[in-house]
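Two complexes follow with subunit A in common, the first pairing it with subunit B and the second with subunit C.
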Partner chain A sequence: MYSYIGKKIISSLITLLIVITVVFFMLRAIPGGPFTREKPLPEATRERLEEAYGLNEPIIMQYFIYLGNLAQGDLGPSFNQPAYTVNELLIEGIPQTAKIGGLAVIFIISLGIPLGVISALKSNTSIDYGVMIIATLGITVPSFVIGTLFILAARDISWMPVGGLDTPVAFIGPVVALSGYSLSFVARLTRSSMLEVLRQDYIRTARANGISEFKVIFKHALKNSLIPVTTYIGPMIAALMTGSFVIEKIFVINGIGKYFTESVQAQDYTLVIGVTIFYAAFYIFMVFLVDILYSVIDPRIKMEG
Partner chain B sequence: MKKLLLVFIALALSLTLAGCAGDDSDDVVLNWNIGADPRTLDPGLNGASDGGDVINNTFEGLVREKNGEVFPGMASDWTVSADGLTVTFDMREDVKWSDGTALNADDFVRSWLRAMDPRNVSEYAWIWYYTNVVGAADFADSASDSDTDLDALKAAVGIKSLEDGTKLEVKLTSPTDWFISLMAFYHFMPVPTTATSEGEGAWAKDAELSISNGPFTLSEYTVGDSLVLVKNDNYWNAENVGIDVINGYFIDNSTTAYAKYYAGELDFIPSVPTTEIPAFMISNTEFHVFPLLGTYYVNFNLSGCTDLGGTRDIGTRDNDIFCNQNLRTALALSLDRDEITEALGAGQVPAAGFIPPGFADNTGADFYDTSKNDSDIVTDDGAMAQAVTLFATAASELGMSVAQLQAELSTKEYAHNTSDGHQLVAELMQAMWLENLGFTIQITNEPWALFQVSRTEGDFDMARGGWLTDFMDPSGMIGIFTPGNAYNDPDYLNPAFVAYIEAAAEATTSATHFDALYDAHAVFMTDMPVIPVYHYNDSMLVKAYVVGWSRSVLGGVDFSTATIEKTD
Partner chain C sequence: MNNNMLEIKNLETSFFTHLGEVKAVRNISYDLKKGGILGVVGESGSGKSVTLLSVMRLIEEPGKIKNGEIFFDGVDLTKISDSEIQDIRGSEISMIFQDPMTSINPVFTIQNQMVEVIRRHMRISKELAIEEANDINNINKREKVLEDIEKGLRRKLNKQEALKRAIDYLGLVGIPEPEIRIKQYPHQFSGGMRQRVLIAMALSCEPKLLIADEPTTALDVTIQAQILDLLKKIQKELGTSIVFITHDLGVIAELCENVVVMYGGMVMEKGTVNEIFYSPQHPYTQGLHQSIPKNITGKKERLIPIEGSPPDLMDPPKGCPFSPRCKHAMQICIEEAAPLTKITESQYSACWLQDKNAPNVEGFTKSGGVK
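Let's turn to the complex of A and B:
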């Protein structure tokens, strides 16, 4: 167990280093730079700015300087928000993003799995069809459409603010819009997985042995049908907790989701790598957690490095 | 699980409820969408319009400019010497910084030298080149890294504080009509002695460190979200400042901003969803359109053209046909600019010349009105027949049949940077050229950073161009098409044009200055190195109860005398 975790940590660090390296050099390969303006800056001014941010050093030197600072937890200054460091921007934004993401995760799990189970148990009934129609809509209608509909509705609903997170009611729009796709996906996945499990011999055996239907469903069937769902939910949590550019833009939420796109457009090198590291680390951690959960759900799955 | 859920919800709610302690008092509050999170709020170091909008309300220069009209600001009066080479500002008495300390001409001298000092790397320091202040361009432009050299250049700049800081004297190299109005621009506003260039003026975003001299001061700043400005009681004209608190938001999604405006959560928004604009133009009195000092145009690649183009190396690119003047003119005449601006639908002004409305000449006439007939361009489709004739002439001059020229042009590209608006203009022009001259230009697009490089290096046949000037003189518009200028994308080089531009710069009277500029514009429009398409404008939505606000032509919303008149 411990050697497994140790190996996992080492391989995670190597993965992170590869991600950082690839992103670092790919960013520099894009033409232009953080000081590209609509009205181009005079050559001399741009050079002095680049010097001030150490961008005049050979790129390989910049890379090692960056890694050195990173080792001390310093993600560097933001090029686009020069008054702030990347650390400050992340600390400011993460709580907002996590609030929405956390609520969305709870919403998805507490609603998606039960809906999937009900659909499976009542398969080919009107309840099943109803749930699946809604789930199909949830997958096909993009979040920005759901979000925009909420904003347009909020214009005319006095108790619902247009964007922001100032009142509890304000959370409804972003959480629903952010959850839509994953909620539907989890419901469908749970349903099909549950149906698959219910057809297995051991379920028939359990039923033949006279075990109560409740126990058959919740002790034997559900547990096993959750394995593929768990696989999906791990990375999903990482994605939701690191925010959505679209949702944050539409609902005016000051999280970090917007930085994933904005920082690339502005070629804010340090911020791009900062949010990438945060997302990658979170993702790797969740995948690792899923691995451990497997063995809890099904002890036949061994943790081997 | 259930418990965990409850804890989480409780936590989330408590976090959010904590954030909404209401404003209770009778303060007059304005909710303003700035649109973007400004890079910096330091007047001397700022280079962006969003920052400029905020700075125009937190700081004040020697003068304040509202809708093109100049009013006294930190200076109560000014005199220009008979030769036009010395400007003396009388400082307003008893003006103070927001912390109560006195402000005088010394602050301006120090702030200006700081803003032009290359060691502080201001993005707008190049504007000193256009001020004609003695020694300013040499200092701002200097590539030297030696402190001795830079300090010597600094000492040579022609600005001086006189009579214990009650007067500010500026020496100019030539008479500069636009100098006074330029003093309203954010770059020329003073900064407190505590200002540093660290973090590109991070002090100005920090409510604890920020000291300013305008109608408002910064009281809160939340990166990525919003800022709060409060009335500055130490402002000389505080009695006429009608707003107590300005909540400024950084919402860049125009649909959401508009929904908030509609719901009454915002009073003043700078951008309107493009699809909504045409409806507003007709019906909404809350919709305001302002002309900007800028032009949207199409560059021809003229590198290597005899008597017309420079020597930029464009490799194997074949631009020979664009050296033909009749062809360039035919292409310019065959566009229906009224139709293009109508399609864009935001009240843009169709461009018959290169100079937008808003520049008064020495007689007080608008340069735009006087110069718009310098070519045969009309804004509607009235010049199509002439365009067809010129196109045929061009074909024979190039030794081709009309069909051959059409085939040749169908292989040429019009490049623009990726954006829906630019694409719309490109497709309209493509359709007009097809309908009127019978060829289909190829349309290509690149992301901004790449496009900029291609355009500067001459890697294009025809390319989108756009220019907004920063001072009230037409030379700031056509002056960019001179050899060596970084924005001369067509690589235009006509010695006659260059001579007129130089004559305008060296002119000692307004009359000779404008005569030379009119001559330069006439040559420019005959040569047609670029096709003017339309003049830029700016639009905003403002609730009817917000009154007394204004806008400066050089950019910058002004709330210094605004107030809110709500009847409820």
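Let's turn to the complex of A and C:
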């Protein structure tokens, strides 16, 4: 168990280093730079800016300087928003994004799994068809359409704000729009997994032993049917918690999803790498968590390096 | 009352698929006396499992018991409510299944699953209940508890008591070191051991009837013999009545006292094991015997297969289901199924050759008959 976790941490750090290296060099391979403007800056100004940010050094030197700073927890200054460091921008943006993402995760799990179970138990009835039609819509209608519908509705409903996160009501729009796809996916996945498990021999054994239908479903069947759902939920949490540019743009939320897209457009080297590191680290952590969860749910999966 | 543990009367079970009605069980009657072992033999699709799943009321959608009565210890199981049959399953009637590898829930320990079943059904013994009641100081309360005990109301086993019982039963079915093994998960057991666990689980609430649906089919031969010995021991020591479903005549000879031979959703012949083996009266039973190798000493012998294939239960033959494959088939066999005709006190056969108007054929006893 401990050696497994140790090995996992080392391999995670190596993965992270590879991500940083690839992103660092690829960013610099893109023509132009953070100070490229439509109307070029005077030569002298550009040179002084590059000197100030250390961009005049050879690229390989810049790489090692960056790694050195990173080891001390310093992600460097933002090139595009000179008043802030990348650390400051992330600290400001992550909570906004995480609030929406966290609520979406809770919303998806607490609604998606029960809907899937109900659908499976009532399979091929009107309830099942109803849930599955909505779930199919949720998967096929893109989040920006759902988001835009909320904005449209907000125009006519006085208590619903158009954007921002100032009141609790303001969360409804972004959370629902962000959850749509994953919620539908979790419901469908739970349904098919549950139907599969209910056909298993051990369910018949439980019934043959007089176990009540409630326990057959919520004890014997549910735990088994959550194994594939867990696989999906881990990376899903990572994706939701790291934000969606579309949602943040529509609902005017200053989260990191927005920073990320804008920083790529502006070739803001340090901010791009900063956000990427956060994404990658969080994703790796969630996958690791799913691995541990697996062995909790399914004893056949052992944690061995 | 009467001496029968289980009486199945005119049972009909069908599956209503979108292609049509599949008549899996067509008017079946047989019974099992208390403490006996009954073998039900037949090929795949003969309705042997469906009959006993009907007894357990475990027929799943789109299946339905269409007609008939199933008396268990005098109670008609087809008439009682869902919650009543749930109370009977696992406590009065238990069932074990064909594939032990997939029949235990893989994500819970053996302990978890056995304790669950025991605590679902078992009450503490009367002696212990009285002993506990006598420890109550408040006299009024004590009187009330003793009254309840007289009425048969006793508390459930607690977790420790249930665990002890589970360990005892694992020991009984021959699992070494049961107190350690019970903490393990199903994947840590071999196939034979898992079948033992399932038998222990099925017996843990002292059922009067155990239904074993091909419990040895998925196991290798040496393990098969061990499981059969175990079932024999259980029947002898605990007095449990057993219905044993199989397609293996060898297993029947080994274990059973009475045999029911099924084909195409109907009973072809029933009788004691000696009658079925030494004087089979139905052409299907005779065909089964001829298709089994008897001589294992190396001398060459020719097996006689039964030509043709089992009937389509979506559209079964109008007459005897075996008639298309029967070498003795007559016109009447195609038109009408033969009734079960009494040959001896215990043997019945459903063949027109038993009728008094039938031609004399060697190997068939004519017995009065109905026409």
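Just a few scattered comments:
Heads up, the rule we're going with is that the second predicted complex is superposed on the first by the 305 of 305 C-alpha atoms of A that agree within 3 Å, B and C clash if a C-alpha of one lies under 4 Å from a C-alpha of the other, contacts with A are read in each partner's own complex, and residues count from 1 in each chain.
The criterion applied here is as follows: a contact is a pair of C-beta atoms (placed from the backbone, for glycine too) under 8 Å apart; a residue touches a chain by one contact, two chains touch by 3 or more.
No experiment lies behind these values; they were computed from the predicted model shown.
With both structures placed on the common chain, the touch criterion links A:Ser212 to subunit C but leaves subunit B unconnected. Of the two partner chains placed by superposition, A:Ala239 touches none, neither subunit B nor subunit C. Put subunit B and subunit C next to each other and count what each touches on subunit A; the higher total goes to B. In the superposition on chain A, contact of A:Glu92 is made with subunit B only, not with subunit C.
Of the two partner chains placed by superposition, only subunit C is touched by A:Arg204; subunit B is not.
Of the two partner chains, subunit C is the only one touched by A:Asn224; subunit B is not.
Contacts of A:Leu111 after superposition: neither subunit B nor subunit C is touched.
In the superposed model, A:Pro299 lies in contact with subunit C only, and not with subunit B.
Once chain A of one complex is fitted onto chain A of the other, the partner contacts of A:Phe171 are limited to subunit B, with no touch recorded for subunit C.
For subunit C in complex with subunit A, the residues that touch the partner chain are 56, 58, 86-91, 94-95, 97, 99, 102-109, 113, 116-117, 120-121, 185, 187, 198, 201-202.
If you check the complex, the residues on subunit A that touch subunit C are 200-202, 204-213, 215, 220, 223-224, 297-300. Of all the residues in subunit A, the ones that touch subunit B in their complex are 30-33, 36-45, 48-49, 52, 77, 80-84, 88-89, 92-93, 95, 99, 102-103, 106, 110, 148, 151-152, 154-156, 161-163, 165-168, 170-171, 249-252, 254, 258, 267. Across the complex, subunit B meets subunit A through its residues 5, 8-9, 12-13, 15-17, 19-20, 37, 39-40, 47, 118, 121-123, 125-126, 141, 143, 199-202, 205-206, 222-225, 249, 251-253, 255-256, 259-260, 262-263, 265, 448-450, 452-453, 456, 468, 486-487.
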